[in-house]
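Going in written order, the chains are labelled A, B, C, D, E and F, and every chain counts its residues from 1.
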Amino acid sequence: MFTETGKIYLYKALLHYKVKELVTVTFLKIGYIGTTTLVEALLDERSSRTDLKMRVVSSGVNMDEAEAETVSRIATAIESDLYVVITPNAALAGPKKAREVLKETGKPIIAISDEPSRKAMRNLPEEGIGYIVIYGDPMIGAVTSFLDPVEMAIFNGDVLKVLSVTGVLRLIQQELDRVIDEIKEGKKPTLPEIVIDKATALGASNILNPYAYGKAMAAFEMARQVASLTTEGVFKTEDRDETIQKVTAAHELIRQAAKLADEAREIEKSNDSVVRIVHFKSGDRRKKVGLYEKY
Amino acid sequence: MFTETGKIYLYKALLHYKVKELVTVTFLKIGYIGTTTLVEALLDERSSRTDLKMRVVSSGVNMDEAEAETVSRIATAIESDLYVVITPNAALAGPKKAREVLKETGKPIIAISDEPSRKAMRNLPEEGIGYIVIYGDPMIGAVTSFLDPVEMAIFNGDVLKVLSVTGVLRLIQQELDRVIDEIKEGKKPTLPEIVIDKATALGASNILNPYAYGKAMAAFEMARQVASLTTEGVFKTEDRDETIQKVTAAHELIRQAAKLADEAREIEKSNDSVVRIVHFKSGDRRKKVGLYEKY
Amino acid sequence: MFTETGKIYLYKALLHYKVKELVTVTFLKIGYIGTTTLVEALLDERSSRTDLKMRVVSSGVNMDEAEAETVSRIATAIESDLYVVITPNAALAGPKKAREVLKETGKPIIAISDEPSRKAMRNLPEEGIGYIVIYGDPMIGAVTSFLDPVEMAIFNGDVLKVLSVTGVLRLIQQELDRVIDEIKEGKKPTLPEIVIDKATALGASNILNPYAYGKAMAAFEMARQVASLTTEGVFKTEDRDETIQKVTAAHELIRQAAKLADEAREIEKSNDSVVRIVHFKSGDRRKKVGLYEKY
Amino acid sequence: MFTETGKIYLYKALLHYKVKELVTVTFLKIGYIGTTTLVEALLDERSSRTDLKMRVVSSGVNMDEAEAETVSRIATAIESDLYVVITPNAALAGPKKAREVLKETGKPIIAISDEPSRKAMRNLPEEGIGYIVIYGDPMIGAVTSFLDPVEMAIFNGDVLKVLSVTGVLRLIQQELDRVIDEIKEGKKPTLPEIVIDKATALGASNILNPYAYGKAMAAFEMARQVASLTTEGVFKTEDRDETIQKVTAAHELIRQAAKLADEAREIEKSNDSVVRIVHFKSGDRRKKVGLYEKY
Amino acid sequence: MFTETGKIYLYKALLHYKVKELVTVTFLKIGYIGTTTLVEALLDERSSRTDLKMRVVSSGVNMDEAEAETVSRIATAIESDLYVVITPNAALAGPKKAREVLKETGKPIIAISDEPSRKAMRNLPEEGIGYIVIYGDPMIGAVTSFLDPVEMAIFNGDVLKVLSVTGVLRLIQQELDRVIDEIKEGKKPTLPEIVIDKATALGASNILNPYAYGKAMAAFEMARQVASLTTEGVFKTEDRDETIQKVTAAHELIRQAAKLADEAREIEKSNDSVVRIVHFKSGDRRKKVGLYEKY
Amino acid sequence: MFTETGKIYLYKALLHYKVKELVTVTFLKIGYIGTTTLVEALLDERSSRTDLKMRVVSSGVNMDEAEAETVSRIATAIESDLYVVITPNAALAGPKKAREVLKETGKPIIAISDEPSRKAMRNLPEEGIGYIVIYGDPMIGAVTSFLDPVEMAIFNGDVLKVLSVTGVLRLIQQELDRVIDEIKEGKKPTLPEIVIDKATALGASNILNPYAYGKAMAAFEMARQVASLTTEGVFKTEDRDETIQKVTAAHELIRQAAKLADEAREIEKSNDSVVRIVHFKSGDRRKKVGLYEKY
């Protein structure tokens, strides 16, 4: 996305005539995965863009079909150039209904979901919907005997660290930005069809040190393993104490993954090689490495 | 909120006849503080409640007055029993406009915001609006030379850890739950008028070990100090390199605060004294301490 | 294995007349898994037993069929009451040959191997051979571009930490001890048919604190994930750099697993609840918890 | 051992005509020091060498003279080009007897042992035996009240980390490889006469960063201090509780030494300056630094 | 203070004729701040200077006016070229009296104190007294219910780490050295008028990596926050338990600050960029960066 | 020193008539060991005692005989009930001269010094002088190529942590307090004749958890090992680079020792079993364990 020559990186879209000065993106959130918490903020981290208007509509944690439909209707009432629908398991009835409702608008739609969605998602392009499947954004240990609001928030904090450092959030941001750029250029956007596995994620992580890269990849895989443990604990374990053991292990695992992701970033910091790619007012992205460097 | 006698803690509302079977709460989010990311999820961490319907409407990161008005209108169009509006600095024009629009509904409103709001918020009760001011949910280091989407997400992950462990999120959840309980009982709810400083936060943290308590309090104060550094860096520093130094220091500080909060929780874990208070289907909360304990 | 009443735990075998005063166990090692490094030492950690004679014969790292046969022949030449053959992947030709040769002695045989062996191992009881399959003793990142002797030794150090704390080594020791006890009693021993997965391992770990238990279980699962990464890197990846990334990630993962296992044990230490089960001269095992406690 | 010019390091032995295509080395292990666990694996970390056949024979933990003699006889029955006998305290009767038996073969012998052996070992060259004395491979806290199989394995895991990072294992590997090279060349090998103290060890560690070097040296000295504490605790302390305190301190010390060694290696990783020296099929060793570099 | 050209840095004073061969500096210590513990040692870390004689006189922890006067009289009885008076809160009666007594000698005086002194100190130049106000050398949690000698010493250890790494001690040393140089040159010395805030401190820290710089700056600000907490706890809190909570939090905060300072230095070590500036026999300072580098 | 029955611990001296209401102790400091930095503060950590007047006189880092004599003369000019002289290596000419001068006063003298003093100190009682020899207060790495003021201060911070947690400072304080008590009672005080080795130190540490005790003991021994390395590096090594390696290792070792001491204290904190023994106004000491407990 960047030409690597010269100190200043200008996104090529700048060279084109922009058909659209202001793009409206509406995010529809049904239930929660880690990425849900701040997906729209990824597109305008300092709230400076003048080319982008964002709306978010959500049913909170509820994923029922009826709920999904209601909030989808609110979303479709907001005139938008692009819809992004983010949900856990996109194969469930709620998320499915949401996509159906959104499709009525005829606007481009991108569905973002987690690993259990991978089969269902692969069929979306046939319906004209793009998708991003995120491996490494694991289900929480959702059992009464373990999960309370505080535990839930801590888990999400850890997930955010892993998703940030390992390149997941960067990749999502870049794909959404690319689509928005294409809309601004008046093109019919090419919608993403991406499965973010360890290779794709890390490829977007901009981590330079090879050991930091290894640490981040391990953290990513740990996050996937978290999902195995919570899925097993929540859906496949009858004994109450065993359930507690497995979800406890899962939350310890994500905490440890966050620490490993942090280790990876600390190495990059120690080499002053943390790559930063920021949004400018116009929506352009620019990149720098050294912290005191200019874009 | 709990009578401490007996093993089972039943919220007293259970003893009352419930006038309302289903309460709808609409969250209006204008811009971002850390708590914004998952405030509604605090009320139903496992998505099991049958007494509560939640809606979220947001303008994303944008806090302009016009934007605030637009999304507030969407929110008012959703019939709700309670509105919760969460924004940075509640004294700004955007948040102010949002409250004005919401007031037209005549429904109870609770404003949640960060420390710079404290003066403006203290006057809200005169307008019939409740408030929760959160010290310790600090402004991010929002300068082009430093903040990109990845850095932004990492920051929020760290903030979540601090807010979770130090009792901030628990207190917000408990206040919102109390108001919802009162609405369910058919009462005119007493709206919160709370400033969450270190004493109030920690008072809700349920931390038992006194050193863990000290660590959590220190983490809370560190989070406040973060705001001093980002405010200074973003608004009061002209030199570009000095700005970078201050916001970098601020983000290192929140990372360290998160680590200290984590230390506090690890101590509670090592003593198996982590208090869990979960939501049941009915919206009741129950509490336990030992991990294998029953509610 | 212990009656939990009273301060002194005496193994019940003590009450029986011992037919055999001295049992000889010969360990045949073909190639290396983590457990290989000190499996026999588990049975007599202070070199004090007078009831047990141990012999070890090994082909070193080599697992070829011919090599396996040669060293197996040496082993069979040592008159033994029990043979323990420990190898990676028990389905390979070398380990298979080793078992065939040992079977000629007519003596009880126990095969110990890692997760890829699980299918092959399940058929061993038909041949009269007992087995212990260890999930969580993962293959090393055996590629030229990454693995040198130093990296290899570090990996094994980390594996040992995980195997120790999570109960794997304890369980192996207990099973071997049980069989030896039965031989001493003149019985035909019941050979183990055990797959050490997270539940079986942790069940033998004697970890009391539930969060430490969760940490240890997470560490165990991380060790299994290591095997996924090394298997993928070594056998299923063509690109040299990708191979390096995966095996590097795997070794970072085992390092992190070792750290998490260490965290678990530190919690037990902080509560002075580390369980110790030692071998006495007679081969009996006794157990204590508090460090200054007596057996 | 490497010429430092050029990217490819070829061991000079390659230039010679090899008299012997296949060398057999037999390792005789009597009792346990940390190095015992994987000493032979150091010579062929990926099990790829075609020039080397290895045999291991061991009496397990037992060091009695009679036991030593029996297993030595098994070892001498294996036709070998080189014998390596590794034991704790080489001055004891068992190890002594083992050397006597091996000498009957007329083959080159190398004795490897720990610090208490240093006096006895210095006389071995008179008998035509080479030696490697390892400072920093400390005695374990072998008292009933403390040491059980789990504690024993953890200790060995920590010892391995220290020996790996500080250069000890590298030096042993290089010396054994040199002798094997000479045997392959048809020479009468020059047997090592080496005391691995902090200077010799670190000299082989290939650590580049001077602070990492300091950390590793400190870790090495800590490992030696461990031996002081265990020796004092096991042999010179009468009071049971004082004994427990000293051996507990010793095991805490080795754990801390392992952490410091790990810190040293992490610094090298952060600079991508970890030196790797691998064995190729032919037995040659090649060296590289950057992880993605080629040999 | 150093010309950056060439490998050898010679302080310019060397080029001048020295009027005074031996300077006597007397340190008067009334009560304790962190810097008090080794302020004079900063000027001659290896006890090698031949140009400097130092005397210390102190009333220990006592800051009463009478005590201050007595020890000040002892100090004035020591013929000195420079007096350095170091105390907590320079505005109190004791420190004030000390300065009055010292002024009778007509010799140059430098007062060193902590943040609460900043107002009082700014007036000292009118009296001909120089000053150094140290932000980040915080008051201890001096309440009976918390502070004992061990806690006090730990606190000071942590404070020393923060003051060392963040540049505070370096700056004090450089200023005192500059004044001594001027006295040696026969000049009337320009006395310092310095407030060591985060910018001034870090400016003297010689930290090169920008993230390490951020960590150190955060550590400095944490140390200031410690003072807020102890001041509040000791002087403004009536409830005993709340007092304990605040001072406990303060001491946890300084511990965490010390850890962050340590992280900063570890990064510099990993890059071999720790700057060292040593005193030579003559009192000259020389600087180097790489550890094996020469001055 | 405390009767363990009852919640309130009153020092028995309280029951006696006090002959002396105010005791004056003069500390004479010649050169620096770690304990030097705050030895007098140990006796009155909150500056509240009304029964004790303290004076400190010091020659700073200089230990020359002439310097020692001069400052000793200043000390003798201060009428004192007790002299405490603290120096490195008490066998050197400077410290020796200091004792000679102090002896002229006829007052009780206690000499405090480090491990190299142990021989010289054992003869002091013959001269009527008491002594405290501190193992574990190690010499710094005092070579030009390594030690600058910042490194020196960091080292002392680490040493303070080790001395505090391991019981060294507690023991010194208790001994000095005991002697002061006896002086107050009008008795001829029994002067201490103590060598603080690991057993004596830890015995005064009040650490309850046995693993924390082990960690602290290990930290103490590490501090002694630091002295071995600095002594070797400074006095017995000719090569400049080897000297740097050894003193660098020594400073890494004390840093690691401080971390281990910190781990020990954290365990005590996690169990709320940190023992606090504070000085009251009257000079009495009282003890408590739980943080919220009363004395």
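One rule holds for everything that comes next: contacts are C-beta pairs under 8 Å (C-beta built on N, C-alpha and C of every residue); 3 or more make two chains touch, one makes a residue touch a chain.
Note that this is a predicted model, so its numbers are computed, not measured.
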Both-way neighbours, i.e. chains that touch chain F and touch chain E: B, D
Third chains touching both chain B and chain A: C, E
Copies chain C and chain B - interface residue numbers shared by over half, same or different: different
Longest centre-to-centre distance from chain E, chain (CA-based): C
Degree value of the rotation bringing chain D onto chain E, based on Cα positions, nearest 5: 120
Chain A and chain D, separation of their C-alpha mean positions in angstrom: 49
CA centroid of chain A to CA centroid of chain C, Å: 42
Averaged-CA centre spacing for the pair chain F and chain A, given as whole angstrom: 57
Chain E: positions in contact with at least two other chains: 210-211, 244, 248, 270-271, 291-292
Chain pairs that touch, as defined at the top of this document: A-B, A-C, A-D, A-E, B-C, B-E, B-F, C-D, C-F, D-E, D-F, E-F
Chain A-facing residues of chain D, complex: 269-272, 274, 290-292
Of chain A, residues touching chain B in the complex: 27, 29, 31-32, 37-38, 40-48, 53-63, 67, 71, 74, 77-78, 142-154, 156-161, 163-165, 169-170, 173, 241, 244, 248, 255, 258, 262, 265, 276-280, 291-292, 294-295
List of chain F residues in touch with chain C within their complex: 209-212, 267, 270-271
Residue numbers on chain E that touch chain B, as the complex places them: 198-199, 202, 210-211, 213-215, 217-218, 221-222, 225, 228-229, 242, 244-246, 248-253, 256, 259-260
